[in-house]
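Got a structure for you, questions after.
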């Protein structure tokens, strides 16, 4: 059985390393500041006892006030998983750093989020629409689309 | 041609076989022969193509555990006719960016050689259009011309898939021509003649027994030259759409379709003539034996087509240069030694020797080839 | 013979993407109405003479007995088409086992699957590349009306927005038997065609 | 004379005989050698995730059928498990067994198509493909008995399955289970040791295990690199912890290994099916759950080992009858991530079989 890592425990480690990075936690997830997303992700992946090097998926949820981007990561070796979340509040031009450098599997999924939700990922090697065509009006998975 | 006509050139008294028709209606027998056999060849090729298309579709369908065409006419035998009617009446499209002249000429250039080969194939004793004393050389020379047509099609279509397919075809033909000719030379050594009719007459036992390796080499190289599986890279459906005839439709596509099968029939006919004793056989009339053998060889091609996966282009090249060529050279050497040792007639003991040579060579080279040609070559 | 291999990345070809997007948008704007089905002539009576009837009969026989299918299988229904081609339902009995990968040589387009606006220009192009005479069978609910996905933002509600359709085969997906019935309907339709008639 | 060559761009797809639907690649070629490709998706993007927000929880099940249309049962199972996890539903024993039986039959059917399509891409002119389809028809018949559909089954419901199996089902399945091992042996005899197939597929398109993990690859593609990772074992869902089966793995991570892993997985699926057939209890097949499920607010990620890989559903609920957000983790899309690195430097023909050996379904890639 794959074990969920405790959000509190991870948040404690994160706070130790990068003070002020976590915003809130629950039993299996931690919400981090978008500024400290990259360093926390890097820590989660490369820390030997965590070793969360397998990205299950990235997705985004539109909560009207903000977009929540969810990174579900796990380790095949230790057989545990964790959910990393971050929020972006700007509806007009939401921007987040890309995690492609850390988890290569995020490549198409970040493009998908950009296409359907409209969140731009900085430093992504090929940030353009993936499913819809150039010139499609709007981002359909936003709650205010249609 | 006029110089060969004995009516014009009396210095050729015995150039023609005795059963040629005499003068009729004021036209010399030479021209009657020419006319009749041209018609026979055209009709033969067209009907054989229809027949082998039917055989291939039915046979392959059975190998793939289905039925094959059986609704058009009794047992579906009119299926190729229906296909022909339909294809000939389809719209003819020439792409806007195509090289028009080349695009138009390509099917003709590809089709003519396939027909020309049959000029020297004997259907019975002496029953052939032209008993050239360099028959087999003529076949080898003419058959390569259709590659020009294929390359014209690839170039003229202004389509990348076409060009890729045509390039592959040229590469394959250039490589496989050599083992093909070397395999033929073995037969020529034993028969002592280049004339197709003489080669058949020399086969008291079919040369497949004396030259098993030659048969194998010729069959493989022949399959590669006419794009039959497993060497059908030039029109590989799953890779480059339809190869060199991607942009062809209607009548011109029909020509290419015809060429594909006419060449298969031609290779089968050459194999029959060189290795299977041509028209020779007991009881049945000679032409019937000939047709039976051609169909049998063609069936072998259908069988390989529906069984084997396709090879890659570099493996195709490696197979020609690293496997077929050395083996063909050794085969030629062994045959030459045998012909030197028994100058008049080869004894029966040669048959097991040659089969043993074939087995040893193939096994040995398979081991060596495994080392030198396995997997990927540097590009 | 040296080419610098590292330089030849084709990523981020912005211009190409923009043009393709434009083509899609233009097609979307221009095809809001369904193209009428080409079947008006089925009820017409025309004057027949013996010569034309015989020629018609032979041509129609040839055309309906060897319908070669173009490869255009976007989605789920494709597998019912392959199943129909497979050993059990066996379309090869009708001489239809030849799938022409090149649309130039095909007669019949079986549109098996949902059509999205992004795909629409390509389908239109394949249809235009096919040589006359050509027919289209709309296979499945998505091909007829958009089906279960009709309310989606990117789905074309039916192939007849883009290309004229001859026969509609309903189902989601249609069973192979239904497809074969549809093909037989198309064969009956071809049998009524005449050279004397326009269109 | 100095020979000047330059690379050219070949556009493959979206309509191409071996792009398994409507995948498109812009390939930059140097003669026959692939320098680079750019995958282009979206030709079958139907907006499934948006449609999910407009439907009820139960109403979304038919749409899951049409995502990975070669493995509809697995999709149903994955989605239903996610909703049940969210709503806290307990499924009756017989329902669980039926689900496992359907999922494993579906894995067999999907792998049959995958192996057949791969061999077809290698150029074996339709023959293996049609043999696989002959066997697949038997599985489709079984599905048709229980659901009345041949491709999009819509069989599972939240809380179980939609209806009990007819009494002819188990005898028919016994017959199938008796003949299928012989068929797998038969195709192995035909092609496992075929020299041309070995030359074409061995060592071609190698994916290292590090790269596979970095790219988030899952399913047979991941296992072919030598990693023993199967969600049925690692994170057992439904009742998979009761069955005994092996996880077949490859060594090199090349096309041939991917093909072999699929064939071996078919044998393991048969093994599971035999066990499930023996133990299947009597009883109800569906828990007493309303069709209008109203799960408590929250979020859940349910995942299963689908034939193509890890299929997951990430659901966010706001205590209404429709999911607030439904994200599908598509194994096909994510398995394509390393494709660019795998094909660089290989020939066009290899590009086709490397792509074919990953085994994707466009309905799932684009959704």
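By letter and in written order, the chains are A, B, C and D; residue numbering begins at 1 in each of them.
The criterion applied here is as follows: contacts are C-beta pairs under 8 Å (C-beta built on N, C-alpha and C of every residue); 3 or more make two chains touch, one makes a residue touch a chain.
Quantities reported herein were computed from a predicted structural model and do not represent experimental measurements.
Most remote chain with respect to subunit D, judged by CA-atom centres, is B. Taking each chain's centre as the mean of its C-alpha atoms, subunit B lies 37 Å from subunit C. Rounded to a whole number, the gap between the C-alpha centres of subunit A and subunit D is 26 angstrom. Centroids of subunit A and subunit C (each the mean of its C-alpha atoms) stand 42 Å apart. One simple way to say how far apart two chains are is to compare their mean CA positions; for subunit A and subunit B this gives 63 Å. Residue numbers of subunit D whose C-beta contacts span two or more other chains: 16-17, 42, 45, 47, 50, 130-131, 134.
Annotation for subunit A: residues 129, 131-133, 140, 145 touch two or more other chains. Counting partner chains per residue, subunit B has residues 64-66, 237, 241 touching two or more of them. Taken as a contact graph, with one node per protein chain and an edge wherever two chains touch, the assembly fits none of the named shapes, being neither a line, a ring, a star nor a complete graph. If you check each pair of chains against the touch rule, the ones that pass are A-C, A-D, B-C, B-D, C-D. Within the complex formed with subunit D, the residues of subunit A that make contact are 1-2, 53-57, 59, 61-62, 70, 72, 76, 79, 83, 103-109, 112, 116, 129-133, 140-141, 145.
On the subunit D side of its complex with subunit A, the touching residues are 41-42, 45, 47, 49-50, 211, 213-217, 227, 229, 234-236, 301, 303, 310, 312, 314, 316, 324-325, 327, 329, 333-334, 336-338, 366.
On the subunit B side of its complex with subunit C, the touching residues are 57, 61, 64-72, 76, 78-79, 81-87, 89-93, 237, 241-242, 245-250, 253.
Within the complex formed with subunit D, the residues of subunit C that make contact are 1, 3, 5, 8-11, 13, 71-76, 78-80, 82-83, 86-88, 99, 101, 113-114, 116, 118-119, 122-123, 126, 148-149, 151-155, 172-173, 175.
Every residue of subunit D that touches subunit C in the complex is listed here, in rising order: 3, 5-7, 9, 14-17, 21-22, 26, 28, 30, 35-38, 42-47, 50-51, 54, 62-63, 66, 69-70, 113, 129-131, 133-134, 136-137, 140, 150-152, 362-363.
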